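The letters A, B, C and D name the chains in turn, as written, and every chain counts its residues from 1.
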Amino acid sequence: MIERREFLMTGGALALASWPLANLPVEAAQRGFMQTDNTDAFWPAGARLVISISMQMEAGAQPASGAESPLPKIDPKYPDIAATKWYEYGFKEGLPRLLDMFDRRNVKVTSHMVSAAVEKHSALAKEIVQRGHEPAGHGQTWTPQYSMTPEQERKSYADSATTIERVTGVRPVGFNAFWLRGTPRTLEILQELGYTYHIDDVSRDEPFLVNVRSKPFAVVPYTLHMNDIVNYETRYFSTDAYAADLKREFDVLYEEGAHRRRMMSVSAHDRISGRPARMRVLEDFIQYAQSRSGVAFMRKVDIANYAITSPRTVREGI
Amino acid sequence: MIERREFLMTGGALALASWPLANLPVEAAQRGFMQTDNTDAFWPAGARLVISISMQMEAGAQPASGAESPLPKIDPKYPDIAATKWYEYGFKEGLPRLLDMFDRRNVKVTSHMVSAAVEKHSALAKEIVQRGHEPAGHGQTWTPQYSMTPEQERKSYADSATTIERVTGVRPVGFNAFWLRGTPRTLEILQELGYTYHIDDVSRDEPFLVNVRSKPFAVVPYTLHMNDIVNYETRYFSTDAYAADLKREFDVLYEEGAHRRRMMSVSAHDRISGRPARMRVLEDFIQYAQSRSGVAFMRKVDIANYAITSPRTVREGI
Amino acid sequence: MIERREFLMTGGALALASWPLANLPVEAAQRGFMQTDNTDAFWPAGARLVISISMQMEAGAQPASGAESPLPKIDPKYPDIAATKWYEYGFKEGLPRLLDMFDRRNVKVTSHMVSAAVEKHSALAKEIVQRGHEPAGHGQTWTPQYSMTPEQERKSYADSATTIERVTGVRPVGFNAFWLRGTPRTLEILQELGYTYHIDDVSRDEPFLVNVRSKPFAVVPYTLHMNDIVNYETRYFSTDAYAADLKREFDVLYEEGAHRRRMMSVSAHDRISGRPARMRVLEDFIQYAQSRSGVAFMRKVDIANYAITSPRTVREGI
Amino acid sequence: MIERREFLMTGGALALASWPLANLPVEAAQRGFMQTDNTDAFWPAGARLVISISMQMEAGAQPASGAESPLPKIDPKYPDIAATKWYEYGFKEGLPRLLDMFDRRNVKVTSHMVSAAVEKHSALAKEIVQRGHEPAGHGQTWTPQYSMTPEQERKSYADSATTIERVTGVRPVGFNAFWLRGTPRTLEILQELGYTYHIDDVSRDEPFLVNVRSKPFAVVPYTLHMNDIVNYETRYFSTDAYAADLKREFDVLYEEGAHRRRMMSVSAHDRISGRPARMRVLEDFIQYAQSRSGVAFMRKVDIANYAITSPRTVREGI
């Protein structure tokens, strides 16, 4: 039996939809690879499926020109004032709207914060944490990590933790690289600096442990195909299209959750899912999930801590 | 109490759906950032949500080759006759169809006019204004503003106001740059020339004031994600997809409008939303919005004038 | 009263859905630009709306490499065998399937034929015409017209007519350029060679006449936004998305058809709309249209001939 | 009467939905090209429509950088660690999930295996075959075939068969090139090496035979427009959009199957259709198809063997 305290961060909270702890419905047995002995629980408190929401805080950290937006590209020698305003929406409207919605739905999330945005909007960053959400690293600046030298990379991750801790009062232990792209050294550096998990790995539908310097390091999978920036800004989904994808993805993982540990990862960027209709799609999805028994929304740090202590957790190279 | 005359332009009209001035439904209280004291009205006549429609008049102002269209790109040394015809639809069919629809629905809009199109189709430009719509500047020519010298930029905005006033009888006080991209000097130049607001800022869901030469300058936010050129020509939405996005966006802003000032911005280009099915999506949306109590369609000049005089208006850097 | 013989080509047929010739429903009066005196008919036999379907015959005319397909681009120095097979579907499956569907629905269309495809698949080209469809020119080869010299252009259009007449027995009088792009000389050359209309102009929702060498030349508008190659291959529509767009476009033009001459243009390429699901979307649309009274499907030559003789036809520069 | 043994591979199985062998419904007669004498069966056991599913096993074979993914492109001099994880999903989650689903639905498919993936994940490759699916060649490595020298191409196909046979115990007889693109020599080389069919030809909705060195070589058509990599990764379809396309395509081919031999080809890549919601769309489609009488799911080798022996099979150049 996993103790509750093992996966709770001080000051945090495990957001659980109200559900009975026993008598979870069991789907008709599946055969083969995915069959798993069902004599023990896969998640804390017997939850059947865990959903992890990422909320990016990026507004104001983007470069003066060349940042991605719905606008056509221009020569980056000119400041892209329109794109700057597109990003500003993230802190003026997007994050406040998402925070209110998460309160309405009693959901705690992980906020991946670019430190330059944290510096610019420190009251908002602090507010996010005070409302129960987890602060996690998302780069000191907008600079992609994959082309950094080892020294640059180490300094960036150290500075990121320092900045976030100084502003929010909580030192981050999770990390998300720019477009998920680190270097072959990323995990070692993160581990040395006290980070305990990263999310830049979409290879599984459950948390797992990898071997970093002969010690386990947790992976709490992020998502590309359930990611608002991919679906709205790259794939050009309407809200209807994304809404249907979210629900169908949930349905399958919920079914599988009867037989093995499963989690679903969803991403919400400040300036994207923070727009009115897109917030509503996410809220509708949360309500849809909460209407099923045994669904828990967990912050990534709580998932990582649980995975590290659970004997059932998948281990790669360990 | 804001007086009606303060936000009405001579000759214009405030299009209001029929609705009671009191007893607006109030949603369950929201917590946090978005909570606002509800003891006073946020909009004229107690409206709960204001919708602002932009209608671009651009047909004929585009270059002989290289203008955006659904056609594959060709070497711009050849005239793109097919694209020219694509644009001509805007004045032959698109604007007339939209104007008739706005009459049917009793909605007045803001028409962002490229002066070169105004010169070519002066009777149509005049007709737009005579039917109660607001003429606003959208560049003297198709040339992007962001790469202009200060002299070019000033001359362009001055000429734009002169041309539109000469043809339509009304001097524009609002401005929209090519793809929303001005220069760091744009607002100062506009203010000096007598413009009172611009729309090239999508950072809020309500009008606000910015500090330009120590005086307030109004921002009436435009839109990228509810913009027909973005959704139909860049994102490749079907009419069903765009229709659903419009309604879901409305629903959220309407809910929020119970507690704070909110507006929704929608864009309609002559050659794009002027196509039959796309006009109908916009008309259906207007009818959907008008079926709710407390929804007002306002021209941007009226919104700007109201924002400038209202003590509740958000002020940035002021 | 327009006589039926004036718009029928020898051997052709006017496909009319069964409908009463009088008592067409009249929508609530519209105001403004689109209002038209309704004392006379806009179309033969009092039809309220005319639909014109284009069926491209292109398979086998495309280059050995570099032709558009759903495949990623490769260096054109290698033959693109996969794309060749993609195109071959057009004559092996696509055109036969479309022809059977048009027979089922009793609809006659205009087939825009690339002569190189006509040469390769002459029995099929002949069959198209024998089943009542109109052959029209679509280039002698795949070469874009917009970069041709006057001599190349003239020879291409002359050869195109000769080839199609030799193979199908009918000399084409209509023309469609590669991606709608001709040269400033195109209409003169076409007129001199005996062509009576072209379709490469999407600026109106009705046929019209332009002045070419002081004589009227008919324009039967083609379409980009209701075009299968644009919507399926460029815009990436699902069949559901395209189906909804077609019906909504029809609904609006049908409404407008009560007060003025309106036509709807739809495009179907051999290898694209000839695929099973896409054929069905087109068939469903035809059935939807035929279920309304006063809808006529006409070949473009019949529309052009009618437009040339009708006093109501819009004239540009005449 | 075709004997069952003629189309069964040793150890394989013909997956048939339960259906009566006679009294298949016959649609209203169609005219023209597609009309066919219906006095004999088109498929084994009188099946009306055959569906062939391709399941790609590619995970781990992709290059360290530059492979297609939902991520933005980066300079390929950096390893794309995020894309690597995107691909790893294929063997960790995708293929196991698809295999379980195919078991649930009693469907056997053809698995196109890149040999480098087979080497890396040999237990999984063997499991695929042990569960009744057909192994087929899909390149020894990720290298595109279209630019290979004849020697490289021959060695690649020989090695591919050897690797797959060594690992799975079954020598592949079918082949699928990278993005369907072989060379003018591909079929000769395949035939010399003992392959009996390929799938890189989307020109028909039924299997057919081509002349290779004066002997028949079978073509079991693959698909681009019903292909998950095209629809989800290139076209950006939501699951709803793809689900509707699959069903509409089925409906038409099922109708046509009353009068002639028809097959439907669907593609499922490990890392794409193996995602939860996308697996469900494929499963829903299978259930939809199985609910109609006379629908058979066949492996491509069984289709090829049947086509080679059936006198009704279309022959090109033979």
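Heads up, the rule we're going with is that a contact is a pair of C-beta atoms (placed from the backbone, for glycine too) under 8 Å apart; a residue touches a chain by one contact, two chains touch by 3 or more.
Everything quoted here is computed from the prediction, not taken from an experiment.
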{"item": "Any chain in contact with subunit B as well as subunit C", "value": "none"}
{"item": "Steps needed, at fewest, to go from subunit A to subunit C via touching chains", "value": "2"}
{"item": "Furthest chain, CA centroid comparison against subunit C", "value": "A"}
{"item": "Angle, in degrees to the nearest 5, of the Cα rotation that carries subunit A onto subunit B", "value": "90"}
{"item": "Residue-number overlap at the subunit A/subunit D interface, same or different (half cut)", "value": "different"}
{"item": "Computed distance of Cα centres, subunit D from subunit C, in Å", "value": "36"}
{"item": "Inter-chain centre distance, subunit B versus subunit D - centres from mean C-alpha coordinates, in Å", "value": "51"}
{"item": "Multi-chain contact residues (two or more partners), subunit A", "value": "236, 240-241"}
{"item": "Touching pairs among all chains present in the structure", "value": "A-B, A-D, B-C, C-D"}
{"item": "Of subunit B, residues touching subunit C in the complex", "value": "69-72, 74-75, 78-82, 85-86, 88-89, 92-93, 96-97, 99-100, 103-104, 127, 131, 236, 238-241, 275-277, 279-281"}
{"item": "Subunit C residues touching subunit B - in the complex, by the definition given at the top", "value": "30-34, 144, 146-147, 177, 179-184, 186, 200-205, 224-225, 230, 234-237, 240-242, 244-245, 248-249, 251-253, 256"}
